[in-house]
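So that you can tell them apart, the chains are marked A, B, C and D in the order they are listed, and the count of residues begins at 1 in each.
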Amino acid sequence: MFEGIFTPIATPFSDDEGIDYEGMRHNLERWMKTDLEGLVVLGSNGEFVFLSEAEKEELVGWVVERVSGRKKVMAGTGCESTQATIELTRRMARLGVDAVLVLPPHYYRGRMTDEILYRHFTEVAEASSIPLFLYNMPANTGIHLSASLVARLSRHPNIVGIKDTSGNIVHLAEVVRDTADDFAVFAGNAGYLLPALALGAKGATLALANLLPEDCCRLYGWVREGRLEEAQRLQLRMLEINFLVTSGLGVPALKYAMDLLGYRGGSPRRPLRPLAESERKRVKEALVRYGALELDTPCSKEQGP
Amino acid sequence: MFEGIFTPIATPFSDDEGIDYEGMRHNLERWMKTDLEGLVVLGSNGEFVFLSEAEKEELVGWVVERVSGRKKVMAGTGCESTQATIELTRRMARLGVDAVLVLPPHYYRGRMTDEILYRHFTEVAEASSIPLFLYNMPANTGIHLSASLVARLSRHPNIVGIKDTSGNIVHLAEVVRDTADDFAVFAGNAGYLLPALALGAKGATLALANLLPEDCCRLYGWVREGRLEEAQRLQLRMLEINFLVTSGLGVPALKYAMDLLGYRGGSPRRPLRPLAESERKRVKEALVRYGALELDTPCSKEQGP
Amino acid sequence: MFEGIFTPIATPFSDDEGIDYEGMRHNLERWMKTDLEGLVVLGSNGEFVFLSEAEKEELVGWVVERVSGRKKVMAGTGCESTQATIELTRRMARLGVDAVLVLPPHYYRGRMTDEILYRHFTEVAEASSIPLFLYNMPANTGIHLSASLVARLSRHPNIVGIKDTSGNIVHLAEVVRDTADDFAVFAGNAGYLLPALALGAKGATLALANLLPEDCCRLYGWVREGRLEEAQRLQLRMLEINFLVTSGLGVPALKYAMDLLGYRGGSPRRPLRPLAESERKRVKEALVRYGALELDTPCSKEQGP
Amino acid sequence: MFEGIFTPIATPFSDDEGIDYEGMRHNLERWMKTDLEGLVVLGSNGEFVFLSEAEKEELVGWVVERVSGRKKVMAGTGCESTQATIELTRRMARLGVDAVLVLPPHYYRGRMTDEILYRHFTEVAEASSIPLFLYNMPANTGIHLSASLVARLSRHPNIVGIKDTSGNIVHLAEVVRDTADDFAVFAGNAGYLLPALALGAKGATLALANLLPEDCCRLYGWVREGRLEEAQRLQLRMLEINFLVTSGLGVPALKYAMDLLGYRGGSPRRPLRPLAESERKRVKEALVRYGALELDTPCSKEQGP
């Protein structure tokens, strides 16, 4: 059973674009001390599209070993072909992850009918020894997993949840309505964490939890406890910085914000580039307004609201 | 101060496409007995684009007279030109409506920059003796009123609220965050009533309230009282019928559903047409599943959940 | 039979937003001396959405009288309701226009199925004593008239052509393929005049012909004569200024460019506003590069290529 | 200097999803006898996203060896990361291809500004010993290479052309206008081959040329010779079958049409599936209407028009 807050971890790179395992170790140690329920490796925020097959295997193995069961670990395994997705899923299962998060194939989006996608996800689920989360991410894939498709797939015993990053709150509500109680609907962005939880989402996988894990967990707890007013205030406060590190300025902003708050974000791989000075200023000011950073102070803190 | 549930009333037409005032009278009597806070005349659900200037004036005058202060009345006055919008707004003010709901000009959508829209709405607000609600309706207009534009406009003393039918819940949250506490952010569709209220919306203007006014008011009350679980169940239950009478099948479905539940929906004006048989079946079955209609029973009831 | 170049005339307004008939007279005199085949009154470039019913009737009557049969005159009559479209069409027929140009109803775009649109246009065509042109203008209406709908409508004896401003050249080719030889497919924008004519379009209705009527007619003639190289050079040269006065900066730029070239463009009606200084500079420079305006010269000329 | 018609070759797979080199050999022999100027391996129609790194290298090597200089060979090398694109480009250069066709990175499309893309393509071009074609394919990538970006990139000596599959004919014209005479603008779809050539395109890379290579070359020749009427008739006739094998039904339809005309199309890799029976019927009937297939005849021919 999956619930609670997961963070899709950023992959810090050194200046020569190699994976910075020392930075990764540093981040892991901090996340381990939080209330996060789990981590997602090889997600969109982890720049999985820039990693080779060998790097993916090495990185996930490394994370699983260090987490060693203290938190759940998911790995992203969506590839364009069904066969490649199955093979990567199996490799991840062997490395010991708890579940895989599977993006739909999307290059031939015009052909990705519900039927094609149903067969794809079903074949992957059949071939996998570990549970599968669907990953609805229209902004990056151009494909929207319809509520009826998700409902149909949710009946497969090995498909246990969905990360929904569509931002369409009615769609999320329909998915909650049309899936069983133990199917884990997860919000995919902190911009609508409160409304998603209020509608019955079980948890969330949030880029923002890379840098503000405790506040994300706090908001989750407050909605669970019915403390709606406090939850609302925190939700509204989160919007600005969350926008910047996700749809606003993307992974480079996420990494820069992590750097500002004492994590190791590092550089993105090319073609992504570090933020321009004016963009860095926007991120810094948003963190100050949020209360996570003091003005003109290099170091940082994550404060309670 | 505006809050609570408003219904943007349908305009029943007789078979020769004339306004059916007898049907209107019947509907008004029922709505008057509910907890609805107010009515909106000349909204999208009222087929305002099909009414002549003379009909608009006659209809609003007729409604204002019959409501006679027992509930609030708003009227839609958005026209393409600033001058025409001002003139219609003034006529509506003279008829005694409590506020106007102003759709942005949208034919030249490519030119409708924030600056152009700011000047348009400001000039209308200046010229109006009664308060103005903004109306964000991208699905019909192709124009999205940005959160920063709404925030800027909200500072005008005569612009008191917004009906947001964008369905973008993060945008709605940003508008709540960036406007003063007494600015009335209204959800524009029952599909996201609960999440909007949970984020601080003050009320809602809901097509669904034409046929299920008490349930819409009930959901509103429950969120206010913090009864989140009951609200969630009702919200999920509402999704199907709400979808059909709004983005799914539109005004003809709204009118047919009203007919089924004992209101007088009547026919739409052309080019809109009454629902096809298969579409009527979908609406009927959704109302049965909702619990508002018994199977094979011509008459109806609106039940508590 | 309709063919050749038409210009959808701008409506000059004076500073108090009234129609400037003296400016209109001036423009008409110049257009009359060109090879233009006809004029379209009440089109998108004529700001028809800002004109009252009375102004529409007065303006078209005025133009028809002055043109007095020397060129063809069309009038735009698309309204949201079928009945209003029929009534306006009939009024225009009584005023003596040669054809009407009918935009589809579009406020309820989600309901504007091919079947709904087929019945709408057919009912208007039945009720009209003069021929009807379809007007496909997705950028402003959000509705695209499918090739199969156009083909079906083209079989009605009173539907004689289409102005296609979709910019989808494959769609335009499909419409040529699927309609009879005497159905007049017109390009709706000078950006693709050459390719449209090369594919079998019979003519064009071009905003650019307000200011560069002779060059538009020249390009038309060259393609007809098979002088493809000269046509290509002129087509490429036209792109920049055409972009600015249509999708780039819209009607205000069209009017300003007319002013620069000795026509009377005047101001747009609000909410549209005259161009900002930086925008005026872009238009002026484009006209200089085009060769229609000399640098730093207030007056102008339209040169041959 | 690149010009003329290229075909982005399909990759036939056997029933176990392996590459069918015997089918490939058969196809190559037929294409070698045509007027095609060249082949593109690892394009969208070649299902490159389903091929492993090893398969890509093996396949291109195999094709280069068999073509052995009789026609030009391009290879698609666009990957998400700049580094991976550089490495694949270098491997392809070592295998002896004449140019690479480089799709932009697109997973993080929200961050793919002109500046990011400019640096990406420039770095790949710098690192490559062979010329580079840009590949604009918004339908699959969600990214549109703006005319100003293409113009800027075209000034790099190693960036020699663009395959434009945007279908935006005005954009294509702007690219022709803004690039040097020896920059090869190629149409990316047979649906607008005639208009593209009429506007100055140098050639085309056409899925349709997999099955109707001679007719594609014939149309190319006719436009070059100024035989516009014949070209127009053939262009219109091509639309239907071209639509089906590209945006209509995609790669599975392309492969099925190839099978019908005596090529070896074979099955697509999963998640793509062979066409359903009703879809096969549409393709067959379109080929009959085109004149390339006789009714109820298993075998086929490509006829002159």
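By definition in this document, a residue touches a chain if its C-beta (ideal position, glycine included) is under 8 Å from a C-beta of that chain, and two chains touch if they have at least 3 such contacts.
Only a predicted model underlies this, so the values are computations on that prediction, with no experimental measurement involved.
Taking C-D and A-D together, the chain pair joined by more C-beta contacts is A-D. Remark: subunit A and subunit C have CA centroids separated by 50 Å (rounded to whole angstrom). Rounded to whole angstrom, the centroid-to-centroid distance between subunit A and subunit D, based on C-alpha atoms, equals 36 Å. Taken as a graph of touching chains, this assembly forms a single closed ring in which every chain touches exactly two others.
Of all the residues in subunit B, the ones that touch subunit A in their complex are 167-170, 173-174, 176-177, 191-192, 194-196, 198-200, 226, 228, 232, 235-236, 239, 243.
Across the complex, subunit C is touched by residues 17, 44, 49-50, 52, 80-84, 105, 107-112, 116-117, 119-120, 123, 139-140, 142, 247, 249-252, 269-273 of subunit B.
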